[in-house]
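Pasting the structures here.
After this come two complexes, each holding subunit A, first together with subunit B and then together with subunit C.
== the complex of A and B ==
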């Protein structure tokens, strides 16, 4: 195993295949929570935390339970339950142990269960790092890194979008384009800029 | 009369894509061609109808506090069914839609209908509501994918539309999807605002 493969995964999930701007995962919070920078970044960090841990947890479930028992078709069901369970658990722990952190991103944690970025990254991990129902070498680390990269890419896009939208408050936008439509158009331009990264060869 | 209005409201007044803006992720991701859009729409309609009926049937048994996990299990079951069916009978479509088929589980339309409608209504009415919503989702997907396929690939359903037009590739890539939905929503806002203005003056 060499380092460059891992670096490639990280760079690819953050920039080239950015989860929001090229895979369209997690669009709802991207449109809904990107009005101000503070909440947007909190949401991004909460998502990063959940995508990373969910990637690790689902790797264990897939490799140690589903594959040995030939239950691969239960992937969707077991993954979404794992994520829902974990998010609930994390919410309770954070509320009890770290009240200040809970104030910062507690409310966003609840929303994350139905964030497609989380289930998306776990499904993508099993699609990419399990060939013919067998884990490829280093798949555990790769899954964890892909989870981390997905969250980081999400946070980056949220940060950029919220910065732009804060400036947009002062702009004269035509009435029918106000709020959601203009956000989509900005996202389209951002995504076009991110297309530039797809020329990278790693 | 009432049942027909349950069916029709999903098509326009409460259209999940254009009016409520739910389930946008799959809408934008798979709308590269009309065939994909239609396949996704039918799959989501199946999941919606199936899960709505079951949720409505067990609505008196499920305790209030754990209802959301129960709904998710029911929805995930139907998603697994459609995933396996698609893999067996439509392998090409299944490959084209890829990871977005399992992602129907987290499509907010399905959970939204289970929570807002099916948990309070009888199975038959819930099924009609789900079918209406599913059809609304499907036509919205078809419209977006028709625009993107026509502009980005120069075809509709695989048939060429004009020889004199060289399609800009970016329409079937990610930016085209975001641009299309942005302009469509703005157009809908514009026309419904004009209607409102007329009503008030």
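== the complex of A and C ==
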């Protein structure tokens, strides 16, 4: 239980196991909302907020409800329920209490409800930080940190992609490759670049 | 055996109920009732989200209207009847605004000389990046028609002489062409002003005359002949003050390069 284990989780989720570029989760917003840097970053921040809080919430659901009742096989169902509830709840509260924040990522919050990156983080948390249905030491903190790292990695990938696509506006792309096809090609090149991190041992 | 079925069902049902109740509770405490007025306003807006009002879209403009932060005439696209309906909903008096029409301030096109053969992307935006475009006149229209593509109403057509032509009937003065033109050649002009100087060149007269057969050479004949004093030649370019112009048309007659145009 030293601090380096936590640092390792953070670096690993942002670079080595980047959720978009190495695990291929959350690809729809990666293609759909990456045309301009502003909305891409808003989306990234909204995802970071949701992955972090969803990691915390689902840890409690898994540890306090599913494991004691031996219902581990229901984790996908209950996690989706939890995430959907939480996102809706957060949206209602933010709309009332912080209208400016709601304007910044209000529409993105609803999009995230059933995003695979969010569900992916929570499922990975239970895979990695529970041994034989028992929470490992520091499991809760590690889960929360993995949620935060996943969001940060997502934001990084979105920022890179939107930056490239903004430049691409000025390039003369062959007609048949315009828009989404060229974006897929760029995504694959970026993914290969990020594979360079995969040899790292922390 | 029966518990292996009942437990998961009960657990999931309880979880669902808990979350559902939580949401209902949250809505009761934090919920915001959408203003029915906003829906009514929205149904009277064009709904094409052109953004000419400066808001993110018609919905955002409707919200601003309901809060009293905007006036119906802020939407230059909606018709007079729609504006009246909006004013009725909001309980305001409408003031009739003079209709504006986008106007191109360049008469070059085929009449303006090229300084090199441009073979790049067919877009004014891209051409401007290369030495300010292919025309000798650094102020003039490049003629690739970015404005034609940008106009959401199909009001701009490329003329035969390489200068875009605005259809005043279709133009709603949304201002998109004003923003897109890299040479800033579009201005919104009141529709009742008939005469205008169709040039933006601030080069000295001799330079303009070499670059383009139809440019303002700042001879100031129009300035001298104007009885109302509406025309001033500033920075080598004649300009008509719409507030003083009374559509007399003497400037139109004396202009040696025929760059003062009459419309309508």
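Side notes on the structure shown:
The working rule: the second predicted complex is superposed on the first by the 202 of 202 C-alpha atoms of A that agree within 3 Å, B and C clash if a C-alpha of one lies under 4 Å from a C-alpha of the other, contacts with A are read in each partner's own complex, and residues count from 1 in each chain.
Here is the rule we use: contacts are C-beta pairs under 8 Å (C-beta built on N, C-alpha and C of every residue); 3 or more make two chains touch, one makes a residue touch a chain.
This is a predicted model, so every value here is computed, not measured.
Of the two partner chains, subunit B is the only one touched by A:192; subunit C is not. In the superposed model, A:93 makes contact with subunit C only, not with subunit B.
Within the superposed three-chain model, A:120 lies in touch with subunit B and out of touch with subunit C [touch as defined at top]. By the touch criterion defined above, A:65 reaches subunit C but does not reach subunit B.
Looking at the shared chain after the overlay, A:200 reaches neither subunit B nor subunit C. Contact with subunit C, but none with subunit B, is seen for A:170 once the two complexes are overlaid on the shared chain.
By the document's definition of touching, both partners, subunit B and subunit C, reach A:74. Between subunit B and subunit C, it is B that contacts the larger number of residues in subunit A. In the overlay built on the shared chain, the residue A:82 is in contact with subunit C alone; subunit B does not reach it.
Counting contacts by the rule stated earlier, residues 74, 77, 81, 84 of subunit A appear in both its interface with subunit B and its interface with subunit C.
Contact residues on subunit C toward subunit A in their complex (touch as defined above): 7-8, 11-12, 15-16, 19, 22-23, 26-27, 30-32, 121, 126.
Touching subunit C in their complex are the following residues of subunit A: 61, 65, 69-71, 74, 77-78, 81-82, 84-85, 88-89, 92-93, 95-97, 170, 172.
Here subunit A touches subunit B in the complex through residues 21-28, 31, 73-77, 80-81, 84, 113-116, 118-120, 123-124, 127, 174-178, 180-185, 187-189, 191-192, 194-195, going by the rule given at the top.
Residue ranges of subunit B in contact with subunit A, taken from their complex: 21-22, 24-26, 28-29, 68-69, 72-73, 76-77, 79-80, 83-84, 98-99, 102-103, 105-108, 111, 170, 173-179, 181-183, 185-187, 189-190, 193.
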